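What follows is a structure written as structure tokens; I'll ask about it next.
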Amino acid sequence: MTRADGRELDELRPVTIDTEFLKHPEGSVLITVGETKVICTASIEDRVPPFMRGSKKGWIAAEYSMLPRATEQRNIREAAKGKLSGRTMEIQRLIGRSLRSVVDLTKIGERTIWVDCDVIQADGGTRTASITGAFVAMTMALQQYKNDEKIKTLPITDFLAAVSVGVDPEQRELLDLCYTEDASAEVDMNIVMTGNGKFVELQGTGEEASYSREQLNHLLDIGEKGMKELFLIQKAVLGDTAEKIGRNTEEKEAK
Amino acid sequence: MTRADGRELDELRPVTIDTEFLKHPEGSVLITVGETKVICTASIEDRVPPFMRGSKKGWIAAEYSMLPRATEQRNIREAAKGKLSGRTMEIQRLIGRSLRSVVDLTKIGERTIWVDCDVIQADGGTRTASITGAFVAMTMALQQYKNDEKIKTLPITDFLAAVSVGVDPEQRELLDLCYTEDASAEVDMNIVMTGNGKFVELQGTGEEASYSREQLNHLLDIGEKGMKELFLIQKAVLGDTAEKIGRNTEEKEAK
Amino acid sequence: MTRADGRELDELRPVTIDTEFLKHPEGSVLITVGETKVICTASIEDRVPPFMRGSKKGWIAAEYSMLPRATEQRNIREAAKGKLSGRTMEIQRLIGRSLRSVVDLTKIGERTIWVDCDVIQADGGTRTASITGAFVAMTMALQQYKNDEKIKTLPITDFLAAVSVGVDPEQRELLDLCYTEDASAEVDMNIVMTGNGKFVELQGTGEEASYSREQLNHLLDIGEKGMKELFLIQKAVLGDTAEKIGRNTEEKEAK
Amino acid sequence: MTRADGRELDELRPVTIDTEFLKHPEGSVLITVGETKVICTASIEDRVPPFMRGSKKGWIAAEYSMLPRATEQRNIREAAKGKLSGRTMEIQRLIGRSLRSVVDLTKIGERTIWVDCDVIQADGGTRTASITGAFVAMTMALQQYKNDEKIKTLPITDFLAAVSVGVDPEQRELLDLCYTEDASAEVDMNIVMTGNGKFVELQGTGEEASYSREQLNHLLDIGEKGMKELFLIQKAVLGDTAEKIGRNTEEKEAK
Amino acid sequence: MTRADGRELDELRPVTIDTEFLKHPEGSVLITVGETKVICTASIEDRVPPFMRGSKKGWIAAEYSMLPRATEQRNIREAAKGKLSGRTMEIQRLIGRSLRSVVDLTKIGERTIWVDCDVIQADGGTRTASITGAFVAMTMALQQYKNDEKIKTLPITDFLAAVSVGVDPEQRELLDLCYTEDASAEVDMNIVMTGNGKFVELQGTGEEASYSREQLNHLLDIGEKGMKELFLIQKAVLGDTAEKIGRNTEEKEAK
Amino acid sequence: MTRADGRELDELRPVTIDTEFLKHPEGSVLITVGETKVICTASIEDRVPPFMRGSKKGWIAAEYSMLPRATEQRNIREAAKGKLSGRTMEIQRLIGRSLRSVVDLTKIGERTIWVDCDVIQADGGTRTASITGAFVAMTMALQQYKNDEKIKTLPITDFLAAVSVGVDPEQRELLDLCYTEDASAEVDMNIVMTGNGKFVELQGTGEEASYSREQLNHLLDIGEKGMKELFLIQKAVLGDTAEKIGRNTEEKEAK
């Protein structure tokens, strides 16, 4: 039996990544995953946070937000509440850590790459869509910086994408949960992976439930399947720049 | 002599209003005015703020925000700073007051219409674009409510739009300032007007400058010209619903 | 027919400005407009905000507050709430912008003039009384600075005052609204003007109402009448210093 | 040898209490103690804080603030900082506790008396002046309430005033320290006392210093002397109402 | 080769759990894991958060904090900063979710179990020690509630504990990282597991690094080994109560 | 008649001070006074707050907090509320001022001693126990600094301890009130004293009550009795270091 929207258990929703979506940022995309839509931008600032000063390394900081009406019910703005929710902070930290794992921070100088992920429409999987889209926006911003000769090589060591997997109440393992699937899932797992198939983040949660090692293995299998498809989409979108990922670093080391 | 972008002094930038831009809100548009792009949504909530309870009247509350990279330089999010700037509060209050002037709040029951204006790209005139777009989003949300028979008439008493005018350093009066014009303007005035040509708001500021009554009159003249064009665009976008604006109220009063 | 307090439609309430009201500030006045009483002080600090550093120009920053019991009902202190209301921010910004329009900031060096307007009794028109009084306090502080030879000329280019006008439910245009008039007004407009009759700020709001261009013109007429009277009072209070307003600048330019 | 301003060691500064200073509050005074000036108002609200609900008792809450330019150097507003300082909180708690000690809270019903002490000019002793003045404002508000027959008796059990004493660097005990004396004092003590000579609060602090029991005794002696003079001033100001303090309660208990 | 402190790669640090550590809470323990010391308390409140009201179910909320000097360098208190860090929020959410997975919330009525984990000394693994200790404190509090006949059965469905695993710079998989190991680890993974060997949470992070599926499997193997030892310690500490875990529920369902 | 717990009116509860309680801080103790338990730590930081920079003097800053379940009813964390209560600020200021009175701040260089008092169990007298314990922790930290030759002498000029006294509803003067005595006391007084019997702080409060000078004298008598016992305990705990208190300073002055 297939899923409510007709997908196979291990089938991604349609994914599109529109590049150069906005005028001002160094890199920007609109990523859509099914009905989920996220604007991801990358901005490069010529300084690092205080704790990094003098390190000769760069930093990547991520921020995540939702428009109040990205969701079925209107949410109160965090700016109006005067503080970020724990969920938002968790997602911001996840996006930042993930992106930092595939960038050679020693090669961008004392600069900060600000990655902003703003969800304009939410239907599940906003944090994984943010990572997948932000990787493209960040790569384009760095490629532009290289074109402008502000940095010598594209300091990206590998592709990076993310997807969710989960277990539904009938104990079926699902790839890429939409909102209604996510809301009823017993287990919800986010996988962030590099182009060569290694894990950067694995966060699997059983809310008022638990899962066996066998289930974990099956979830990872379908997650890897989805990840391969995401990397193909990223490559298609990045065009020539995709060829340079993981390369420039080697060249430089070869010297 | 014409302006930097080739426009006449009293010429609007190209304006488009895309309706049903998002899936979840009762009403939503993407308005573009030149390079300025704002997502406006209207959400209807079945209760009013504490100070209105028991009044049998509804309320309209507006919120305004910018994506961090809507601008040339990245802005720090107000959610991260933990408070709204004075500028944001001023704009939110302006949008809310303006919309309330053309809605018969006694006819929507004790409901709140939340209007969210999120600027995704800024090039001057974001507050006036927000009002012009929000009027359309709100009208569509109320029309939907009428279609669903939650309210009896479309409680909109007139069209509403907004535009900026200003005086440039050469003392020329300009209609619809883009960002670079706005940044160097000696006088900056925002006009909010109803379809029958009456003022709802007039806010004219000379930052480190002043202006004569003659200049004021000329600014109002070109503002009225721009306003007429904006009403034509709103009418085109609203289609049949446009016919009912200012009407249903009369019908009801006729009974 | 005259107004509730017996005034003509275009008649100001009695205005008094007591100078040197407090011991510590460089300039201070108690302005009373009818029953409205505001303490205005001007303090000069030998540095500017971060965004002005290195500009060789000064800055004027205004703060506005009300005692909790300035009003009929006690208000909660903004310090206790932990944040400023939108209304307070709007007024602070208005006062600061207005004062900056008549000071040649290049002639005060990298200094900040802090203007504090504290309403001790409110009966309508607190923001306009604040501007009218603050102008006097600021002028006296700068005159003192000139006397102390910290600046060479009195860098005030013109007089500055403010008044409210409005339209009452019987569609009459009124000058200088007291609280009860303000609470029921359909249109409320604040005018800030220089001594030579030019506008610095014009903010006209129809709360759940609108106004025609004819009404606007009549409002401006009576506003100009009130303004002339306010300038006479400021001149009387400032004595010899009044003679130097707009002068020193010219002298300097003559060299 | 006498003090810098010519006073004897155990001499108060001149004290005046102007009643009915403001129009709106139930009770209000302007108290001046030397150059220190505080506006004290009392407002009665028909409800109590949550922790008192259902207790059939009233509450007294005090708030204290300074105008930014009450002092030699301008202070940043606590509203602008977004939080109260520890010093402000300490003073507010002290004023509230002190006033509660002389009011029979069971006789005012579930009402809150809000006491606001706003320092408009500071020259030492602002917290003690606040208490001495607030007692008068509160008494007048309650007398008005009795006149309006909202309460049956004046529920004030005794007079209440406060004064500071201290030890100067020459080890002299001083009554009623002005700012320069306070700034250099080795010991600073605030005494709050009832009309019958009992302590309500005694707060004696040696900042980077200590004091002996003998010194304490001498400080209390001169404090008591000052207190007697303050009670005479309060009596003079309160007129007929002064006669009823401590009385009505007895009458009622006699029934 | 063994580790800096002489442990085998898959060896836990010494663990002790002192019960009834504090006088007031319904349940409290001091858990020590090597040099890490956490006070865990469980408090039961007779109401639930707003979003749970009317659900006839209970809730478990966790809070986590560190004493400023729990660490080598003094940390600024979050109360002084006025907000919780993202790290603290993440840990609080993790602890709460984990505990909720082994409690039948329908059997405790509309009550909230507040779990407080206060780290008094930190040497790595504070979040996992918090979960392992909090489980015991919560179980004791619920057992007491059953003894007092406020609930019918002990609503705990299984044991719950947590441990960290990681990969060190020499690519060795380690169980239960102390602070110095954690600081240099390339991969850091927290495992939360139930007594029957199922996962509740799995959070594996490569900070500026990634890990293969083989490494993941080995990490899970040594994690499971550590978990079995933690369950033995929990059983020993809980005594008779341990027998009832997972039982009472069955009995009730058998009826 | 003796007290509820069998103590004489002028009898302290059992006091113990465990030194070197925690691993990381320069000085740390666990002080228990009856059922009250406070962890006091002293941390030395190599810089001073901005207002002290360039003064060549050090500073002592104190922070105070309670675990949520230190009390009979769980308290909401101040970190969760986002601000410190007035009570906490008052206690922090009291502890800091008291400790500064017995340290020669000119002899520690531009360093800050951070004193943290964390109440893990509360049964009355937490602020006085904090001061008594913090003095020991601070002395040990400074002795360690002297041993490490970072400072030349132990810059402590005298012993310092604190105790509470009060008047119960039967008008009996009590030494060292436990929580139930404190809750019903009519007068509550905290005394901070140096080893040579001089006052550093005296804070006596009558909440809705007052006290005579005779009562004050009796309270001070029993307070002094308790203080002498506390100094004996501090001396015993400090061992050899106790001998150097008040000495090194003299030696240095003798040179």
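General remarks:
In order of appearance the chains are A, B, C, D, E and F, and numbering begins at 1 in each one.
Keep in mind that, in the parts below, contacts are C-beta pairs under 8 Å (C-beta built on N, C-alpha and C of every residue); 3 or more make two chains touch, one makes a residue touch a chain.
Note that the structure is a prediction, hence the values are computed from the model and not measured.
Counted as hops between touching chains, the shortest connection from subunit D to subunit F is 1.
As a whole-number value, the distance joining the C-alpha centres of subunit B and subunit D reads 52 Å. Look at where the CA atoms of subunit A average out and do the same for subunit D: the two points lie 61 Å apart. Multi-chain contact residues of subunit E (touching two or more other chains): 82-84. Each chain touches the next in a closed loop, which from subunit C via subunit D reads C, D, F, E, A, B. Those residues of subunit B that touch subunit C in the shared complex are 83-87, 89-90, 92-93, 97, 100-101, 105, 189, 193-194, 197-213, 216, 220. Those residues of subunit E whose C-beta lies close enough to touch subunit F in the complex are 22-25, 28, 35, 39, 41, 43, 45, 63, 65, 67-72, 74, 77-80, 82-84, 88, 114, 116, 118, 120-121, 123.
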